[in-house]
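In what follows, structures are represented as structure tokens.
What follows is a pair of complexes built around chain A, which joins chain B in one and chain C in the other.
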Partner chain A sequence: MGEVIVITSGKGGVGKTTTTANLGTGLALYKQKKVVMLDADIGLRNLDVVMGLENRIVYDLVDVANGMCRLKQALIKDKRFENLYLMPAAQTKDKTAITPTQMKKLCEELKRDYDYILIDCPAGIEQGFKNAIAGADRALIVTTPEVSAVRDADRIVGLLEAAGFEEPKLIINRLRPDMVKRGDMMDIDDMIDVLAIELLGVIPEDEKIVISTNRGEPAVVDESSKAGQAYRNMIRRLEGEEVPLMKIENIEPNFMDKLRVFFGLKARAK
Partner chain B sequence: MTNEPVIIKGTKEGITIILDENSSFEDMEKAIYEKLQRSRNFFSGGKVSIKIKNGFLSKDEYNKLQNIFTDFGMSLQEASSPKTLIFPKPNRNRVLLLKKTVRSGQKITYKGTIVILGDANPGSEIVATGDILVMGTLRGMAHAGVQGDTTAIVAAFRLKPTQLRIAEVISRPPEEKEDIPSFPEIARLKDNVIVIEPL
Partner chain C sequence: MDFLKIFGREDVSSKDIAKERLRLILVHDRANVSPKFLEMIKSQLIDMISDYMEIDENGLEVKLTRMEKDDDVTVPALVANIPIKKVKHLAKI
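Up next is the complex of A and B:
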């Protein structure tokens, strides 16, 4: 019996799709798991583009939900990686094209044959969000070190709690250690302090993500990519291993900086 | 106890209207109106006093009731016995204890005192007729004494609210970034201004 994990954030553009693509690819490639990545962003689908599978779509999520095709017909097998499948969203419909009940049923069906079902949740807290979380067992929340993204993540944690999710985990994306060091960016502690949930991983800002996203090749397979390394660590943590947070060039402020903050000589990062 | 929003009793001094604090004011208002309407002549010219077991009326609500009584030719008497609560202190014996983080988009409303064992994050709203105590960091909006109690307080282990309201007074932290004190603080009304002091 597999596990359904929804990747969500509230705010748009923080890296839900990139995270879904990388975690999915990594779980299939490094852990030999059977993985389905499900794009729940109906009308604004991206996961197929990021995976470089756009031109293979025949049927989609909405077709399956409405019984227009069989489940297996809509699943696209990845061109490079064994065990990796994509369930694309419909592009010509909108979020009301499916219901939470249909999603639940679909997830139940997928769970029987696959180890992981990763759901790429749309931004927002409306119907699309409700559909995406309907069939999920666990939730991962992606945020960037910005006040607005953290605020939205907090809102999402509240909504997930209300929906009965226990202990969603946090992924901090696009952290810039140099800016944190200068006090120009929220640091990890600031974010954990507000959100009060467990951290799954921290992904540093990495130019390679842009390149790999445009090419349709997830960065997780790039051994030289820092972000790829962060994703590989996260995959091991998802599988239950204890992996310490990697040192991304002093992600934490050093001791003297902390002292200065303590004595009020240095403004805390906002 | 009966669940009727309003009970009317005759006494030596006139009539007493007992209100059920669990009913909404709109229900009470409607019930009073209907009851008086039914025996309009009987009540006309009478004196009325009001009792609420644990709740209280805001000034606004009190005025609305007064208008109804005036319409029926009755006169509303001020609180005559200590148990007759018209503008009493909110009942501080009622406490809502919350063991969780109150997050953005969540609103906690309570008739009484609210105690939060956790944080109240930005974008959250805590609204109480009595006091608000946060045994963590208060980062959201807190409104104590929402029905007009000017003695209500807001206290927090770390007080960093987006906005504070006590009774009718609204205040926000100064725009220029000040050092955030690392000790518990309490906010209360003094001469109609919200002041913050170490706890």
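Up next is the complex of A and C:
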């Protein structure tokens, strides 16, 4: 029986789709898991583009939900990575084209055959969000070190709790160690402190993300990418391993020590 | 306001400003208190206090903020700033 994880944020543009693509690809590539990445952003689909699979779409999520095709017909197999599949969203319809009940049923069906179903949630807290979380077992919340993004993340934490999710985990994206060091960006502790949820990982700002998105190949496979490394660490944590936060360059050592204390980890940062 | 103080001081980093603003925003968000709700409290306060004092209604300020308790824990607090013009001398009962 697989697990359904929804990747959400409230605010748009903080990296939900990039995170979904990288975690999904990494779980398939490094952990040999059978993974479906499901794009729940109906009307504004993008996961297909980030994955470089936009030319292979025939059927989509709405077609499956409405019985226009079989589930397997809509799943696009990524030929580059064994065990990796994409369920694209419909582009010409809107978020009301499916219901939470349909999503739940779909997730139940996918769980039978796949280890992980990662749902890329649309921005906002309306119908699209409700659809995306309906069938999920766990939730990950992506934020960036900005007031607006953290505020929205807090709202999502509240809504997820109200929907019965226990312990959603936080992903801090686009952290700039140089700005943190000079006091012009909230640090990890600041955000954890305010949101009071557990951290899954921190992704440093990395231009390789732009380059990899240009090419349609997730950065997680790029050994030289810092963001890729952060995603690889996160994948191990998802699988239950204890992995210390990576040493993001230019952050003072005592700051890193503080982090390690926070996580109760004795191991040296890689 | 605390805020202006923060802005005025140059040795406060922008991340501290961000964090302080965020905390205040979240107090409001989490308490789910709308400006309309605060206005209602305000008008009832005016009604009630006016029996005893003459107050400057335009200068009256009611806001939701945070307060530090002695054990370093911060809690949401409703703070009312009520400028008094004159205390009414009520006949002693």
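Here, the second predicted complex is superposed on the first by the 249 of 270 C-alpha atoms of A that agree within 3 Å, B and C clash if a C-alpha of one lies under 4 Å from a C-alpha of the other, contacts with A are read in each partner's own complex, and residues count from 1 in each chain.
In the analysis below, contacts are C-beta pairs under 8 Å (C-beta built on N, C-alpha and C of every residue); 3 or more make two chains touch, one makes a residue touch a chain.
Computed from a predicted structure; not experimentally measured.
Undergrad: Which partner does A:Asp154 reach: the first (chain B), the second (chain C), both, or neither?
TA: Touch partners of A:Asp154: chain B and chain C.
Undergrad: Report for A:Val194: first if it touches chain B alone, second if chain C alone, otherwise both or neither.
TA: Both chain B and chain C are touched by A:Val194.
Undergrad: Should A:Gly164 be classified as contacting the first partner (chain B), the second (chain C), both, or neither?
TA: Neither partner.
Undergrad: For A:Met186, is the partner it touches chain B (first), chain C (second), both, or none of the two (neither)?
TA: After superposition on chain A, A:Met186 lies in contact with chain C alone.
Undergrad: In the superposed arrangement, what residues of chain A touch both chain B and chain C?
TA: Shared contact residues on chain A (touching chain B in one complex, chain C in the other): 151, 154-155, 158, 194.
Undergrad: Show which residues of chain A lie in contact with chain B when the two form their complex.
TA: Its residues touching chain B are 151-152, 154-155, 157-159, 161, 193-194, 196, 264, 267-268, 270.
Undergrad: Which positions of chain B touch chain A when the two form their complex?
TA: Within the complex, chain B touches chain A at residues 100-101, 103-106, 118-119, 121-123, 137, 139, 177, 179-180.
Undergrad: Would you mind writing out the residues of chain A in touch with chain C in their complex?
TA: The contact residues of chain A facing chain C are 146-147, 150-151, 154-155, 158, 180, 182-187, 190, 194.
Undergrad: Considering the complex alone, what residue numbers of chain C touch chain A?
TA: Spelled out, the residues of chain C in touch with chain A are 13-16, 18-19, 21-23, 25-26, 29-30.
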